[in-house]
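One chain, subunit A, links the two complexes that follow: it is found with subunit B in the first and with subunit C in the second.
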Partner chain A sequence: MELFFSQILDGLSIASVLLLAATGLAIVFGLMGVINLAHGEFMMLGAYVTFVVQNLFKPMGGILFELYFPVALVLSFIVTALVGVLLERTLIRRLYGRPLETLLATWGVSLILIQLVRSVSTAMLLGILLAIALGWIGSRFLKLKFTDKPFLPYISGLYWLLTSLIGIAAANFLSSIRPLASTWFGPRNIDVTAPKWLQGSWGKIGDIGLPGIRIFIILLSAVLLLATLWFLSKSVWGLRMRAVTQNRQMSNCLGIPTDRVDSFTFGLGSGLAGVAGCAITLLGSVGPNLGAAYIVSCFMVIVLGGVGNLTGTVLASLLLGIIQSVIGSGSLLTVFPNLPPAVSGVVEFFATTSMSLVLVFIFIIAFLQFRPNGMFPQKGRSVDA
Partner chain B sequence: MVPRFSRRFASGVAAGAMSLSLAACGGGGGGGGGSFDGEIKVGILHSLSGTMAISETTLKEVEEMAIKEINDAGGVNVAGKKYKITAISEDGASDWPTFAEKSQKLIESDKVAVVFGGWTSASRKAMMPVFESKNHMLFYPIQYEGQECSKNIFYTGAVPNQQAEPAVDWLMKQYAPKFGKKVYLVGSDYVYPRTANTIIKEQMKALGGETVGEDYIPLGNTEVAPIIAKIKKAFPNGGIIINTLNGDSNVALFKQFKAAGIDPAKYPIMSFSIAEEEIRQIGPEYTTGTYAAWNFFMSLDTPASKKFTADFQALYGKDRVTGDPAESAYNMVYLWKAAVEKAGSFEDLEKVRTAMIGTKFAAPQGEIEMFPNHHTSERVLIGEAKADGQFKILSDSVKAIPPIPWNQFVPETKGYTCDWTQNRPDAGKFKM
Partner chain C sequence: MKLFRRLLPWILLATALFILPAFLDDFRLNLFGRYFALAITALAIDLIWGYTGLLSLGQGIFFALGGYGVAMNLMLNTKSEAGAKGIPKFFENYGVEQLPFFWQPFWSAPLTLVAIWLVPAIIAGVVGYLIFRNRIKGVYFSIITQAALMVFYHFFNGQQKLINGTNGLKTSTTELFGMLVGSPDMQLWFYRITVLLLPIAFLICRYFTSGRFGDALIAIRDDEQRLRFTGYNPVPFKTIVFIVAGALCGLSGALYTIQSGIVSPQYMTIAMSIEMVIWVAVGGRGTLVGPIIGAVVVNYLRSLVSEALPEMWLFVQGALFIFVVVLMPDGIYGWFSKGGFAKLLAAFGVAPRTATYPQLDLDENVRAEPKSIAHGRD
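Then we have the complex of A and B:
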């Protein structure tokens, strides 16, 4: 019984991390059909926001510092959601209905974001802002001057190239001023410390300790999931999002501002990724490459659960979490101590972290042979691209 | 409307052009310092980009610091002539084939006298064939699993008998009365942890102890819940854990251990890949009370150690830390210099190799010596991580322990040794 309970707890912990990370992607990928390879990097941004908030609260000390985490949760949602909206407005919206281009473009964005946190300094930021400001003002002017001229795109392309060169030069120049040149985060991993009330154990059930962090993440993912479900089924914006998903043209005709709905959906998905990033600072390392560790498992969950279906996402993450913990910890051997040696040998062989991951992949591949669209395939009219 | 825009546009372009020209004026400078009779080119080959950049950049900095010190002190004195060392740095990009490619480039086009480089065992294994086929010379600074002895490589990091084995002995002495002679091994899934754990398992057998569990996590994985469950099952009332994890997984391990109530008082943990720099990234509050075994700690209280750290911080910033890998990288530059001066040549590698054997250097850790098996003797230290990210030294061999590259606990290599002073074809591995 005890073993059973501790397995459930471990399985739930792994599942809740998967779920937390995948919910945002389920919305973006499921509702919009956008394969967002930068999802992991949005999580990374959320983690860095947490780091910044932690450092802002550090000098206050005492009780106030203990409270930094809720603030970080909210702020990481807001910041990553805003970055998401920005990305949607500038890039993703030009690529709707072109999955391959979206995939490549978001991958490019992920590389840019990784390098950005590695090397961002005040000088670099000023350079980028200068380039964007110049480019924006100038291209406005070009548009006014050469309206309807066929060479306009070339000229403005060239002009943007020029402004980015100017930006690089300005950043280089400003880097010679020492205080502006030092990087904010650098390529090294950074240290995010969980507040005292999250560290350690939250009491015991029987002989099993309840790790505070784990319980907190399980609760957080449950709350976020319920909130998302409520939002999608009850709120005005949620209903609009689903309407656009089901039939874009018709929604447009009925007066739903589809482009604002798109930005909103993408922002929501990104914001959820940010919250996930904030939560996983409690569990693992925080560095520029943080996203890469999670993106694959996120896609696994979505593909297994069925695209565009939050119930599927929940069940898939529970299933994967429990398989991973039961197989990986080898507790099958404790439950069935009298297995024939051939079978127990196999169980033991898979009872390591590496092998349990291999098993999870095999399971998914096998499952998709029988149900290529996941556990809960989208029924009825398919989502338009 | 339009003219205003155009004026702004023009001034923007002008400002940009100005900053461009200013930027072009930056850089350059430096040089100078004494008069030399010539220069010796040496290669530095570490990952300056990719996952390993975090660790390896420090090695490059330390090697450049050693070279700068040597040049400032009058350079290398070869057969009565003073030579300035010029370092040519290449980026291995955390990609093992690139290491091989860049070694070739350094040897063939740059004609360097020696290469200092590498961190992971994988990068060393990739470079080895290049250095052996060109009969050239590589210095490798990191503690590693041993079971290798190349004529063309000098190893200045610890082999298991200078790190892992004494650490296991120490753990048994301290904790076997309390927890029994049992260990649980956790490591990353690649060559170093697997080989090191094979050796530890053999050693535990020899000590009459037992390895109750062994688990490997893929590099970069951050889920350790199943491992915690297994450790708790194997050691319900506490026990000894030996950690050979590398990189990010360490952060996950220590954070989740703390949450699961695996604290160092009940579960003593000994790590082989966590130095001062790694503690900074994990967060000292998670590692406090755990143990590490190294040949050098920043907290080592000797004038040489203090000077090394002070010089490093003066050059690269007050917030930086030194540690074992950095010290080892520093030592190898000086060992090479001493051997070249002894040999009276830097071009005749055969002479340099012969001169290298028996060369001594007063390193930050104390005096070390290059042995005929191309490994250095090392002082063995065991430390306990403190809340400020530094180590409190609990055990100190004081004198340097000679290296044994072919492990004597592992049946396949038991009785084998390596001695490059002997003139025999199998000098790298022969039966004693």
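Then we have the complex of A and C:
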């Protein structure tokens, strides 16, 4: 029974991470109809921000080091939110109303982010900055010089290509200088040590210890979820976001700055992903490919829960997380040792992490046969809803 | 010019069949054979995405199933691969005594030739029908197909005892007609078969995209509600086209596997399936020539970049995704056929050939006029 309970706790903490990430994804998807395949990579960014903050705090030692985690939480939210806003302003905005294309473009972004984290070094960063600076100044100049000329877009496109080549060349050249060439993170997994107050047990219920990390993650996501709910239902921006989610054109007519609401929402969603990534670092080592492991589960949460309803998101992620960990660990067999052989054979077959995913996905596809729009579908009068 | 256009497909086919093998070394030729095999997948994706508007992120399932089919047959029929019990050697590592039941049909070559497209087709039919019946579409369709892909990936990845798990099945060391499958002579034959099957796949796709059936597909893509309200049921159309695409992907996977020498669950990763979509996007979706161009160009680029700077490939690929989606939604072929090149020339002052007054298009005042109208409206 203890084992079973601790499996439930495990499941709950995985579910909370999933919940954080999926909430961000659900808000963005509900509002803009945009599927952000780079969402998992935002989680990865959050995890790496935590790693960097930890390394910055390490030399201080003592009490200060113990405090790094709250700082990392806030910073990972801010950094990923900023990256999200930047992405929305530069890319997503151009693809409004083309959800399938957005999906492909954000996949491109995720590839770039993964490789960036793998191979970023000081030399590379300098090269990128040089390329952006040259390109920005040059295209300003070109714009002044050739205003309204029909060939301006082609010329500036060529120019940007040239500057990026210059950037690559510069990065290559700088790589010959030893201290600049070493990668910051490399392709390998990184480890974050949890501060002392998180390690160990946080008291007991009966005979069962409560591992601090897991409880902390569950509490964290509960608090953040409540904060998000409060924000959506009580604040001005939350009101605007709900209005745009329900009817974009009408909101626009009534003077809501929909484009700012879009960037704001995208930033919020990305920020939540960043916090989720920060929380993941407590559960184990993380690597550049972290996102891929979570993104499909996040989508499943949205599909299962239905769009535009956070209750569905919460229920779906709890369900997914717990089912996955209880079945995947095979603890059902230890709890119910007297199952008939046919059933126990089936349970054993699915008792690995990957096979439990198989079972969960099959379950979801079967579920959609009865409720195609998820558990809590958005009600509306359009044909689609 | 007209004659040239009519002869062009034959010229290309002859080039691929006779001229490329003469000029390229074995390694390069093998790569081109793989590109052409992948082009069949691109055609299939174009059929469902470019024409029907269903962005499937799970075509890797069918691709890999085709590959596994052919690999299983080759493994079973190779003496050197057989272990003590007369079943492939890798089974011994996991203590498997008896051949799993689903391996049995693959003893026979004719059954395998059917299975490599029939099995994917059946699975596509079941999955497709279950999805389309519930009017799951758009982004939801993409997500569900991706989830289905993950189901298959985890299944094949985790089941060592059934299908050798992560290691996959190696075909390059197997034998066919007493020759090593990985040998250059064999590979040349596979290259030829691929080059001949590609036009056939093209014709199949053309058959499905022309005529009333093709019109229905385009109607589904452009406005499914309206099609439904005019009394059509889109479900059979979508299911049929998904089945055809699945079968083509299976065929393509089989061809790719015998040329690359291995099939593994790596073919079912999320990344691989999305990459397949980008070949179509780069070449030009909604056309049948585009995907072939896209598959060959992107994969050739991939070989070039990853040979020179392996860590750059993901950057290039990511940039390609963004570039094509934002700036070139019609792809290479669409850009040319919709007059993109003429527009480029015109922008640099080379007048397009028009029947009326070519100079007029270049006149500064005439150009400025639409802009001033646009400003006036603001």
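As a convention for this text, the second predicted complex is superposed on the first by the 336 of 385 C-alpha atoms of A that agree within 3 Å, B and C clash if a C-alpha of one lies under 4 Å from a C-alpha of the other, contacts with A are read in each partner's own complex, and residues count from 1 in each chain.
The rule is simple: contacts are C-beta pairs under 8 Å (C-beta built on N, C-alpha and C of every residue); 3 or more make two chains touch, one makes a residue touch a chain.
Keep in mind it's a predicted model, so treat the numbers as computed, not measured.
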{"item": "Touched partner set for A:D262, first subunit B, second subunit C, both or neither", "value": "neither"}
{"item": "Which of subunit B and subunit C A:S201 touches, first, second, both or neither", "value": "first"}
{"item": "Subunit B versus subunit C as contact partner of A:L134, first or second or both or neither", "value": "first"}
{"item": "Touched partner set for A:L368, first subunit B, second subunit C, both or neither", "value": "second"}
{"item": "Partner chain(s) touched by A:G287 [first = subunit B, second = subunit C, both, neither]", "value": "first"}
{"item": "Which superposed partner A:R188 touches (first subunit B, second subunit C, both, neither)", "value": "first"}
{"item": "Subunit B versus subunit C as contact partner of A:E101, first or second or both or neither", "value": "second"}
{"item": "Touching partner for A:T352 - first (subunit B), second (subunit C), both, neither", "value": "both"}
{"item": "Common interface residues of subunit A - those touching subunit B in one complex and subunit C in the other", "value": "292, 352, 354, 357"}
{"item": "Contact set on subunit A toward subunit C in their complex", "value": "29, 33, 35, 37, 91, 94-95, 99-105, 107-112, 114-116, 118-119, 148, 150-151, 153-154, 292, 295-296, 299-300, 302-303, 352, 354-355, 357-358, 361-362, 364-365, 368-369, 372, 383-384"}
{"item": "For the subunit C and subunit A complex, residues of the former touching the latter", "value": "55, 130, 133-136, 138-140, 142-144, 146-148, 150-151, 154-155, 157-158, 225, 270-271, 274, 277-278, 281, 311, 314-315, 317-322, 324-326, 329, 344, 346-349, 367-368, 371"}
{"item": "Footprint of subunit A on subunit B - complex, ascending", "value": "1-2, 5-6, 8-9, 12-13, 15-17, 19-20, 22-23, 26, 51, 53-54, 189, 215-218, 220-230, 233, 248, 250-252, 255-256, 258-261, 280-283, 285"}
{"item": "Touch list for subunit A against partner subunit B, complex", "value": "6-7, 10, 13-14, 17, 134, 137-138, 140-141, 144-145, 162-163, 165-166, 169-170, 172-173, 176, 187-194, 199-201, 209, 211-214, 280, 282-287, 289, 292-293, 324-325, 327-331, 334, 351-354, 356-357"}
